[in-house]
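Look at the two complexes coming up: chain A is in both, with chain B in one and chain C in the other.
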Partner chain A sequence: MSRWRYLLRRVLLSIPVIVFGLTITFVIVRMGPIDPVSAILGPEAGAAQRTRIEERLGLNQPLWEQYIDFMTDMLVPWSFDLGQSWVIQPGTDVTALLSSYAPRTLWLGFWSILIPIFVGIPLGFYAGLNSNSWGDYLASFGGIVWRAMPNFWLAIMLLAFLRLSDKFLFGFRWDTFIVEIDSLVGQPPLDFIAVTDWVSLGIISIPVGIYFSATTFLASFKQILPAAIVLGSSLMGNELRISRTAVLETINSNYVETAKAKGLRSRVIVWKHVFRNALIPLVPVITNEAFVLIGGSVIVEVIFGINGLGYLFYQGAIQGDFPLVSSLMFIFILVIVSINILQDFLYTILDPRVGYQ
Partner chain B sequence: MSMEDPIETTNDDASTATTSDSSSEPIVTVRNLQTAFFTEKEVIRAVDGVSFEIEVGETVGIVGESGSGKSVTARSIMGLVDDPGRILEGSSIRYHHPETVENYAEEYPDHTVDLAAAREEFDPADLLEDPTLDASAAEFADAGEPVPSADDIDVADDIDVADVIDAGYGEELGLVDEDDFVFVDRSSADREDNYVDVTRTSGESLRKLRGGNIAMVFQDPLTSLNPVYTVGNQIKEALRLHQGITGKEATEEAIELLEAVGIPDAPQRVSEYPHQFSGGMRQRAVIAMALACDPELLICDEPTTALDVTIQAQILELLEDLQEERDLAIMFITHDMGVIAEISDRVNVMYAGEVIESADVETLFAEPSHPYTQGLLESIPGRQVGADRLSTIEGDVPTPNEPATYCRFAPRCPKAFEACDRVHPESVPVDDGAEDHRVSCLLYPESESEADRIALHDRLGDPESDPEGAGDATEGGESR
Partner chain C sequence: MMSVENEFDDKTLRERIAENPRPAMLWVAGLVVLMALELGSIAAAVLRVGSVVKFAIGGIANTPSWMAGFVSESLGSIGGTIAYGLTALALLVIAAIVVKWLFVPFSIVDRLGLELGVGKADVVERAIVTAVVGVVTLLFVATPLGAAVDAVIGALTQGLESISSLQTLTSRETIPNQGYQLPDGSWEGTWLGLSPAMAWGARVLLIYAYAFGLLAWFWRGYNVFRNHYREADWTPRDDSVNRFRNHYWGVFGFVVVFVFVVMALWAPALSPVTAEANLYSPYEHEVQYYDEEIEDVASIPHGEANLETRSVGGDSNVGLMSYDKYDRFHPAGTNQDGKDLFTFLAYGSQVSLVIGLLATGLMTLVATALALMTAYYKGLLDLLTVVVSDSIISLPRLLVVLLLSVVFMEANHPIATIYDGGLLLALIFAATGWPLLWRAVRGPALQVAEEEWVDAARSYGQSPVETMKKHMSPYIAGYMLVYASMTLGGVIIGVAALSFLGFGVQPPTPEWGRAVYEGRPYVPTSSWHTATIPGLMVVFLVTAFNALGDGIRDAIDPESDASGDEAGTSAAASGGGG
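Here is the complex of A and B:
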């Protein structure tokens, strides 16, 4: 059970990290150059109006009081309150904003992590196992090119290509392929799954009726696919390069030679001895990429017209929407800390040399 | 581990040296092994015409500096030579274990050459007259005793189908198919005439030999176990593969193996990971893993180099015990002359891809003949009492990247003379009647005059015939 105790310890140890991260967020946001009052009032407001707004937002209180309020609102579970937006959609609860913006980003992030994993890693493994063959050269070169293409450029090129797919691909039309989509850009429909019926068992409710529409799912997937490919492109190149190196390193290691000397089949050698060892250096690469997706999706979201968290955060930050920005930061910190814990947990499963201290 | 012991015993206890006199029971015969690496820049002949044999229950040591081709020899025997390396045509590594040969002949009848049947079908004398054959008849002669002169031998009478195959002309003359690897002679009970040729096996047939019959212990115990699986898991893997043992039975067998190699608390240790073992323990575990396959030949590639001296001694002792218990043949590779003196019965000294001296261990230490061997022995610390400076062999081992038409050691040799640069020394007995002590040096055989010696080596090398070294092949065939 020491693995579970280790996990618990890691969770407890992450609390100070979260507190520290929130403090830094507060300091940067509140002491930064952005003035929410001017953002709300516009340039021609008088001093009296300013004071009134400041009073209403609580900005006239001493900074330390604001800090305490901020921290308790965020951290204490029974007063958990992310506040209300000031500027972007004044008066709307941040939680409400999140619930409408976050699913789109999650949908995008999910596919842009998944696609690279299932394309980049197998390609990298193939390249490593067949090093210095033409297949390897092609995959490695492709990986470098793929990695080197900037997001915004690739996004525009891909959109242009898909828009004119019937010219490039002899009449193949992407927009009517399998399911028809109205536009290449725009928000993906996420209503393909819904819970229609709940059964209540005391305090727990169990969903019993689930609605699922394959057509809407496909349309949604089709809508997100170009954006996910663009966002995942550099990650895929990365994963390809690193898995290739990891496989090469493992393949030339002594224990693989020992396994060969034992007379094992090469299939067993690859799947048992090479695969697991080569995954170890890939874990931090994959989890690190999950961080990148949080902040890195702004450009892609703007180009593909997906109103997601990245877009929301960007708007909030330039317009001085303090509660919105700091709540989003809080969420990002939580995500990053949990991914970190997940990463360490994966390490303990993959590599017995990693201890539980 | 003093070096003195084996030398002392030479004089007192000659009987230990007589093991090789009993009827020879080779487990592996290496003949004219040539393994080359084809890089873009050059062809590196890492192993260049090596011939030796290992008998049942015997330990054969292979010594030499780094880069002399020891490890490549071992890997060739295991069939573990990777790209861009290749075992060249004309090499053969013959595995003689009778049961295995029998099993192989049964399992792969399409890949078996029956020499008795071939003998009836082909007349060697006719074969020699085959117009497609461009080799001289003399090459086939099983040249035999000390100074062969091809002209004296009535070639056609002496030649057997087996000799033609030995010389590497089997395929050319239609005796052997490209994918044949089992050679049986039903008319002969001699182990030497029945063998599986490792260099010709591939895929499944090679994999079964590997581990199942020939096992290997590598140099670095710290990295030769997979860090993410338990020691038991890795031993059980071998048990399942070669002996079909699985489950609880396999765990018990693994525990027994760990106990056999002297690991205390084996029942607990079996489920621990390699990083929880110390260096010596890991090497024991690696040895246990090698033994799991119940091999007849164990190749140890510098198994003690990465260990400290006390552990070294323990591992050597362990190997000796295991050898006695299981009648193992051991091929022991090291650059440590002290270890060689301790463990081996017979020693082959390698230099730049060639075996330059071969003798039993007592003889080698008492009368090292090749200047290189002499140099190696002199450079052991503490061997020359009172010497101010430890003597060394100046220079480095050259990269053997061209066919040897000269003595590769000549540039570093204190006794080199003019002929060393143009005549390639062949393996000859040190002296008349010293068949077991062979050396590749123009200074030998000692009884001949210099001119005769050069002429002899020249003739044995036979440089104008096949440059791939068919001459070496017949010469290799003659050693016992």
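Here is the complex of A and C:
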């Protein structure tokens, strides 16, 4: 099977996965022990209100019709409709909510993937290259414990540490370090970059004036940094462990032996032969973490007071905004499924030996 | 049969013990002594297991009528009756499978001398057992037999209750630690007049000494069996056990897990205060203390005393290893309500372990059964399982778990009240977690299904169930153990995270995550311990389960290439981001 046919099959196989995932969401929300209308309205609500909402949501129809409506709204492109929020911001389209909440989550997710890559992988490579040294033991043990820490606890500890940073770090104050931030928790300012001027060339417009504020950027980075470290903690631990084993495996492989026998300098061996091959098993680790990032963003965003998608989902769930929750769930399913396909695609490029099945 | 002496002889274990009874007798005598010291607790444990079983059977027995009610709402009473019958039949079939598996080691079809094909014989066998179970159930319900059995059980329960009131070696009453200090510095009411801290320490030491002694005695029993009674001198498992013993990281994990298990089992005796007085009804239990104003011994309800011993930062703080003003000793300080934190932690370990083990057990069961079946039958079943498991994995786990527990708890579903939501959590985690386990063992299962011995068993006429059970499952059991122990850590983190968000185990049942949530504002203050210690407990326990998993993996398969496995379990081990 060629690479493209393999990928096509992969995409086709993901369709039943999405359909079934949506069905599970439907079953939980509409057929679960709680009915969506009373979740929206709360226990004391008039019958008139109830019928109105039932009509708007189509809950007065038979279950199978509700199911078909639900699925076509989400899946069929020409009747695509994510619906509206009912409790959090009544009457607002979910798409509008997404565009205002998603950037903060993306900003958080970006750093919580990037930071572990630049910390976890180098540490793991170091541990693998110096295996069974004290440095290796320290890094490995640290990685294991770091991974076992629950995010919610780590977040609280980190916040307390930063709040008392002048006590622990001899007068070093985190809140005034480089740029001052008002509070350790809260929204990161995302207005550090903006387009001020557009030039139209026929039908396409090109941004020419770009506004960029380094101070706001730094403040934003500083605001998101603790949250990103917490959210990326398990990712970092995994990357450390796996890059360590991967380096150990490549170091003992035949082609490295050959390179050594040829008299290649060890620096060249490490850079050209060990690192590149050791990176392959890290691909699924990083992509796998998409699950963790989406799930974990709830806790981290709630604790750090970041108004992102995880926070929105949490609020929607506890306040009974089930139409919003099921639409968000659909978005998350889409993201995860596409990341999975991307992962398989990357694999076929990085390691042509992988079997297409 | 082989005719080599002392090897592969046909003697049963019973015959081998009869031949050389001394080592076995010695070991059993030691066990009896150890057990006799704890007779009361054992009787209490049997009673508790009995009541759980009774509760579960009651719940299961109610499902047909529950189903009937559910169906008759939409399909009318005839539909309800049919649903009742079908559910009852399904339950009988399940019960029959269990009965056959536990109590009928031989084939009834063979005994009856019926000549049938392999597939048919299985069906007939099941049908016979189901019929017998059905008749017995009817007898119980419709004749006085049921009442007679009830009476016997009642008498047994009474007997056990009187035994359970016996004092045991490791109970709180043997070494009491609660007392009050007179002005001259001496302690009243504690063990040997020691200070409460010393008395509590002595009790903890005694409990752990007993528990490790028991463990060592079972290890000795295994050795006795190996040296004197096992037919083979050597089995591959011996090598695994030896490898594990030399795997320090794995042994460390095992020891820590054992420490936590003992903490959970002995929580009533390890905690400095009883759970009733500390967690559940503090205003109905009193504590005696020496009041300096009236210069006499006074008593005050725990609840009122707690108001003065809260750890909320500043001056109002009772830290680690300290006494409060009512002479109560707090090994881990008090929490923000003034309650003893160690008691909370000890009972919290019970909750975490019970939920974790229950969820992981269910997951393992489902994943193993599916892995065996998909590997044996392949084809459509395999494809279906792939789609279903991929779909479940594609839902962000913590979010689904959160959504499910919100849905059940807001609706006050009866299942959410059992164990203050603990059972619900275990079921939710099992339902969302099995695909990860199934994926992890799918490879090994497919491999073993290709082996010649499986083919041989099939052509020899072994039934599929027997083939899977005897010839395939031992091969994947080791992998299962590794992944299960790593998943367990993830479940514990997940439960704690959910309780942190307010949708896990509800108060007053103690849960570590909730303690972190409640103590969260005081971390930067002098009462830092209220949130820090419960979190550390989670870290220790999860690290230990991961270490145990590493150890078992290296023990069963020293050549295993670790990188592939780790990618699979990484998401599981970190609990979906809790």
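We adopt the following convention: the second predicted complex is superposed on the first by the 323 of 357 C-alpha atoms of A that agree within 3 Å, B and C clash if a C-alpha of one lies under 4 Å from a C-alpha of the other, contacts with A are read in each partner's own complex, and residues count from 1 in each chain.
The definition used in the following text is that a residue touches a chain if its C-beta (ideal position, glycine included) is under 8 Å from a C-beta of that chain, and two chains touch if they have at least 3 such contacts.
Model, not experiment: these values are computed from the prediction.
Looking at the shared chain after the overlay, A:Phe172 reaches neither chain B nor chain C.
When the shared chain is aligned, no partner comes close enough to touch A:Phe110: not chain B, not chain C. More residues of chain A are in touch with C than with the other of chain B and chain C. By the touch criterion stated above, A:Ile34 is placed in contact with chain C alone, chain B being left untouched.
Residue contacts after overlaying the shared chain place A:Ala246 against chain C, while chain B stays out of touching range.
By the document's definition of touching, of the two partners only chain C reaches A:Phe20; chain B does not. When the two complexes are overlaid on their common chain A, residue A:Gly263 makes contact with chain B while staying clear of chain C. When the two complexes are overlaid on their common chain A, residue A:Tyr211 makes contact with neither chain B nor chain C. Judged by the touch definition given at the top, the superposed model places A:Asn340 against chain C, while chain B stays out of reach. On the side of chain C, the complex with chain A involves touching residues 387-388, 390-400, 402-404, 406-408, 410-411, 413, 489, 493, 496-497, 500-503, 513, 516-517, 520, 523-524, 528, 531-532, 535, 538-539, 542-543, 546-547, 561-564, 566-567, 570-571, 573-578.
By the touch rule above, chain A contacts chain B in their complex via residues 253-255, 257-265, 268, 272-273, 276-277, 280, 350-353.
Residue ranges of chain A in contact with chain C, taken from their complex: 13, 16-18, 20-21, 23-25, 28-29, 32-34, 39, 144-145, 147-153, 156-157, 159-160, 163-164, 231, 234, 237-238, 241-242, 245-246, 249, 281, 284-285, 288-289, 291-299, 302, 313-314, 317-318, 320, 325, 329, 332-333, 336-337, 340. Those residues of chain B whose C-beta lies close enough to touch chain A in the complex are 78, 80, 207-212, 215-216, 218-220, 223-230, 237-238, 241-242, 273, 275, 286, 289-290, 293.
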